[in-house]
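What follows is a pair of complexes built around chain A, which joins chain B in one and chain C in the other.
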Partner chain A sequence: MTQPTELQTIAGGGLLDRRVFLKKGITFSVAALASESLLAETDPAQLPWMKTPGEPLSNYGQPSAHERKTIRWTMGNSMADGNGVSWTPLHDLEGTITPNGLHFERHHNGVPQIDPAQHQLLIHGAVKKPLVFTMEALLRYPMSSKLCFIECGGNSNAGWRDVPIQTAAGYVHGMSSCSEWTGIPLKILLNEARVKGRAKWLIAEGADASAMNVSIPLEKAMDDCILAVYQNGERIRPENGYPLRLVAPGWEGVLNVKWLHRLHLSNKPAMSRNETSKYTELLPSGKARQFTFVMDAKSLITHPSYGQQLNKTGYYQISGLAWSGRGKIVKVEVSADGGKTWAVAELQDPVLSKCFTRFRIPWHWNGQTAILKSRATDETGYVQPERDALIAARGKHGYFHYNAIVSWQISNHGEITHVYA
Partner chain B sequence: MSMLKHFLPTLLFFSIPVVAIEVSPNLGKAASDQQLSQWNKDIFPDGQGLPKGKGTASYGKKIYNKHCLSCHGFEGTGSSADELAGASHSLTDNPPDKIIGTYWPYATTIFDFTRRSMPLNAPGILNTNELYAVTAYLLYLNGIIEENAIMNEKTLPAVVMPNRHGFINIYQQQDKNP
Partner chain C sequence: MTQPTELQTIAGGGLLDRRVFLKKGITFSVAALASESLLAETDPAQLPWMKTPGEPLSNYGQPSAHERKTIRWTMGNSMADGNGVSWTPLHDLEGTITPNGLHFERHHNGVPQIDPAQHQLLIHGAVKKPLVFTMEALLRYPMSSKLCFIECGGNSNAGWRDVPIQTAAGYVHGMSSCSEWTGIPLKILLNEARVKGRAKWLIAEGADASAMNVSIPLEKAMDDCILAVYQNGERIRPENGYPLRLVAPGWEGVLNVKWLHRLHLSNKPAMSRNETSKYTELLPSGKARQFTFVMDAKSLITHPSYGQQLNKTGYYQISGLAWSGRGKIVKVEVSADGGKTWAVAELQDPVLSKCFTRFRIPWHWNGQTAILKSRATDETGYVQPERDALIAARGKHGYFHYNAIVSWQISNHGEITHVYA
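This part shows the complex of A and B:
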């Protein structure tokens, strides 16, 4: 099949103008999509769900039985199944919000089943008034919402491997999820405790069986951190920190302490295990980067991506996600020829700071081998690096903060594999 | 006009029950001393927060074999959980060995992490002397202290770890490079 003559490609490999459908009078004549099967001839009234009453009302809705494969992938420790991670299936989702049951997890020692009536938050250390708050008290505070991603510092770490991993996009890059977090601006509580002038850091601790703790600069706490109580409108799920989670927008997942019960103000960081032994990046020189809080700009194409199959030539919509811990995404470019030429994708409104941003661009696949890539630029001018550039700067043993451009190769049979290109 | 200006606040004052308008809800309770000492688990590299107590590697070996070996392997060489001693590679080798002896900048972190998180199947079960002992054993296995060195709230923060100066504070530098 040939390319519709009305449509001009704007970059190699068949990328089309992102505004193509807005242009009046252009019709997309893709023969392959018409009269596909006999489906069109079925009388819908004869389908079983139009002939018998459906299921009763339910107290809490569940996804369709036809969507059972849209799940988190979990990986637990062989000796302790509460120690491990799970990934958001980004390749099965659209839009920007992650459903609560699919938000990624990283637990150091399982998910605590906390009784909110017994949960308290202590603020102490370099404060004039050490304070303790019950959940009942916290729920009376003024709240606000932040739509933001949370990404584990170890997300996408398979990218450091010498051989490209052949795994669905979400099960490599899905230690990143995006929610509306609603809660109390941390600044309000810190002001009530009257922080002393010498305080520079805040050590946050969770009430789980690992009493996980990390140090956070006070500046960040006073800027945009919130003590989240709700996630996407409902109380936070146990695996995401019920009943209270520290949300530090745009910063490493580990700083977004779940099951938060203590904030210790100090003039120095604690140098805890999770800010020294882990969540630091070893460089080729033998020195390691520490306190690398901000998650740099990243993007990836989720559709089409590894494991999906293109069965026909012609029109496809390329769709993906971009985000940056430094602020808004201002541009996502897509290439269909392995990076030789690039075209600017459409960003879905609203584009929010430190939030998943959905990009889309129409594409005409001519049936030949193609390599798809996406490249994000954020409002600070930071451009997502190619893998070679990232490795040249950081080596291969940093483990954390892998944010290089992702490449998917489409074979002439429409199979999609992950490549380094 | 000027009358109204003076009249209005007076009117408000008398007609509405006066509540001192809080700048903040102030719904927290003052934390008691007991609460503060019970909850505060944080230990800093300078020794702040370390409890009184002591232990040596020989006793620590017993603690380790009983409570840690099942996951961390014989003499800390690693098993289902992280390698804690016996690095066979340096930080610049391919692959590097990032463990207590080669990578950790502070000895206090071993005590702090073990106290808060280990053993994974029963956190909190070791007492202070057992914690100093198992910390001493891990430092000894990593060739950082002598077998008979006593670890306590004074000596532990004084241990200089081999990779003490191995870290670059990126937050301070706020770099923007890839």
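This part shows the complex of A and C:
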């Protein structure tokens, strides 16, 4: 096993220059030299799938049976049928796209099974021309695509607990997913309905059995909101809002109203359940924050992370995700010594606004205890805070908008746990 | 119905400035004014999905039952079990990502069901250090992601026929799909195996029952090839190469070897079936083209296209896809008068190299016969040819690499057919 030289190390705990393995002469050295016994294992005569024809073509593919552990983890509310969440398994994924079957869910009264031929969108209230759109009509409108994350305001809320939760990374932070959404810029429809001067808010309502509704400032609606019809190329799936979803890039998930069937223009917000009793945050002062729309910058190391195991010392790639509701990620720093020293990770192109950004950095683990952290900076200059700083500013009764730095501890046996450090 | 003014029209047949509907005062006018009867239809008391709780959360989502027509169309070879193709339904999709379940397939002996714990990659031949990699070892190597298309060299080959085929756009041109592939840069593994000076080719072999193999120039392997483990975030699905696929961005599909288990370095190509009797093209001179790796620039209007129906005159958005194996698409022009005049379409950001690029342009259909075409230009200056020019250069016995401009004819009844024009 080669050891990194001082020249290759760029921060404490064995963090390495991100381009070190693209140079000749420095090798990752994890593979085995080909030996007689190893070669025998690659012998086609020994492999069942090289001896008989495979499965036929299919109309719609599914994951391998060997990947059945890669699932959304669901948690229902036993007090209210149809109320619950499911988490994206970010610790099992790579890249930046979330496949549609694994996009997180948050439902207030289950997943309606809507017939698109019966679905309509009503735009009314403070408009000069109230309009009704069938899906057939909407499909004729100009469309636009946006690769962006959607994150529940309640994502990562286990971070407020006094004891660090011991759960896989995605099952704590995976109420955030990233897709290419395609649909009609909301501005086009609002222009057609001719919004009255007094209108300042849109009250958006879904066609589920809870008629979930929230209020959205008109300014955001006229900026970059789209009425999405397609997710990652195909029509949106039922649990993500089929046949129509309001997508508000960078803003908390609850504003991205699924099964959208009504937009009511008004001079004031609705003050609905999901913007008063929920999705508000009690501050140390005793006052509560409300209408905290934008999701602040956050990052998370997904490999290695809780529940994974390092079996050998040597080279690893640290890999994770960063995102910000305020624009592009400009920097992700990684520490392998609990925050004493930091090194800048490589950001995977393309780096897009309000979108998952994958960061990666090579690391040499020497077999000793180590604490890994990542820290994101977005294009507004905002830097992801340490947990102490977040709690000092916001107290511990906020529940929503937890975005502190996450720390993973590697034991000298290669076990990975979640720590506050 | 409003009519476009001369100011808004930018080419014959009713093509409009791409930003026209973002301005105030010009409306698409497809929606209906809200009337008593229309409002009654949006009454929650009338909608079954607003009266009872919906379906529960799920571990892995699936498309709506109302979208069962959005499938890969499969065609097996009756002479050889497991040999066939399936097409991506590009005419039903929007945006640029192909969801994993709909990525096209091309198999030579079916889809092997590989146990990743038994899968190994061997790198041998003209190398100083022959290596064997388990999947566990490969997962420790540095990874990189690339959003790119993969297109079969035989895609669109119906275009060589004398009579224009009347089939949905995706079922002629949908042996092309676009995903985010994540895996190990091949260069890193080749550096570790220490390639000998005489090596000029890699012979890549899959672990299917046909042991499908092709030859790839070393220069490409050291440039941008990756050994992909993830597709659109999750592990690659069986029909796309689980657990390991060679991805050669921009090069013909057959080089993107699925179920990769062997890379043999050599000073000459293998001259295998799939680079001699197949995937070569007979030219008018009687000679054949061989090793025609790069997929030339191509574009295709997906909406409106064959099989769709325009029910009313008025505004539509023309939308389609363009791609080039040589780099970025820099321009897509659209014609609504059979090629007499052209207008520049809007390209959806981000425009990425060797990746699907979505183009869109608004259009006013006046109810008369019209012929729609699209023409792509890539960053090398290459312009997608008209069919006559392609056939003059290459003859009609090539079968592979058909990339001519596609023409859709709209009848005065709004029916859409495929024409050579």
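One rule holds for everything that comes next: the second predicted complex is superposed on the first by the 389 of 421 C-alpha atoms of A that agree within 3 Å, B and C clash if a C-alpha of one lies under 4 Å from a C-alpha of the other, contacts with A are read in each partner's own complex, and residues count from 1 in each chain.
Methods note: a contact is a pair of C-beta atoms (placed from the backbone, for glycine too) under 8 Å apart; a residue touches a chain by one contact, two chains touch by 3 or more.
Quantities reported herein were computed from a predicted structural model and do not represent experimental measurements.
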Once the two structures are overlaid on chain A, check if chain B and chain C clash or fit side by side. clash
Looking at the overlay, does A:Lys287 come into contact with chain B only (first), chain C only (second), both, or neither? first
Contact breadth on chain A, by residue count: chain C or chain B: C
Between chain B and chain C, whom does A:Leu372 touch in the aligned arrangement: first, second, both, or neither? neither
Classify the contacts of A:Glu192 with the two partner chains as first (chain B alone), second (chain C alone), both, or neither. both
Can A:Thr276 be said to touch chain B (first), chain C (second), both, or neither? first
Go through the superposed model and pick first if A:Ala65 touches only chain B, second if only chain C, both, or neither. second
Just to be sure I read the superposition right, which of the two partners does A:Ala248 touch: chain B = first, chain C = second, or both, or neither? neither
Regarding the shared-chain residue A:Leu15, is it in contact with chain B (first), chain C (second), both, or neither? neither
State whether A:Pro130 touches chain B only (first), chain C only (second), both chains, or neither. both
Between 8-16, 26-34 or 44-52, work out which stretch of chain C sticks into chain B after superposition. 26-34
For chain A, which residues belong to both interfaces, chain B and chain C? 109, 122-124, 129-133, 137, 140-142, 188-189, 191-192, 209, 211, 261-262
Chain C - residues contacting chain A, complex: 21-22, 24-25, 27-35, 38-39, 41-42, 44, 47, 49-67, 70-76, 81-82, 84-86, 92-103, 105, 107, 109-116, 118, 120, 122-124, 129-134, 137, 140-145, 147, 180-182, 185, 187-189, 191-192, 207-209, 211, 229-230, 232-235, 237-240, 242-243, 259, 261-262, 315-317, 319, 348, 350, 352, 358, 360, 362
Any idea which chain B residues touch chain A in the complex? 24-31, 35-36, 39-46, 70-71, 80-81, 90-92, 94-96, 98, 100, 103-106, 108-109, 112-113, 116-117, 120-121, 123, 166-172, 176-178
With touch defined as at the start, can you tell me which chain A residues reach chain B in the complex? 77-80, 83, 108-109, 122-124, 129-133, 137-138, 140-142, 188-189, 191-193, 203, 205, 209-213, 217, 261-262, 264, 266, 268, 270-273, 276-277, 280, 282, 284-293, 296, 380, 382, 385, 389-390, 393-394, 396-397, 403
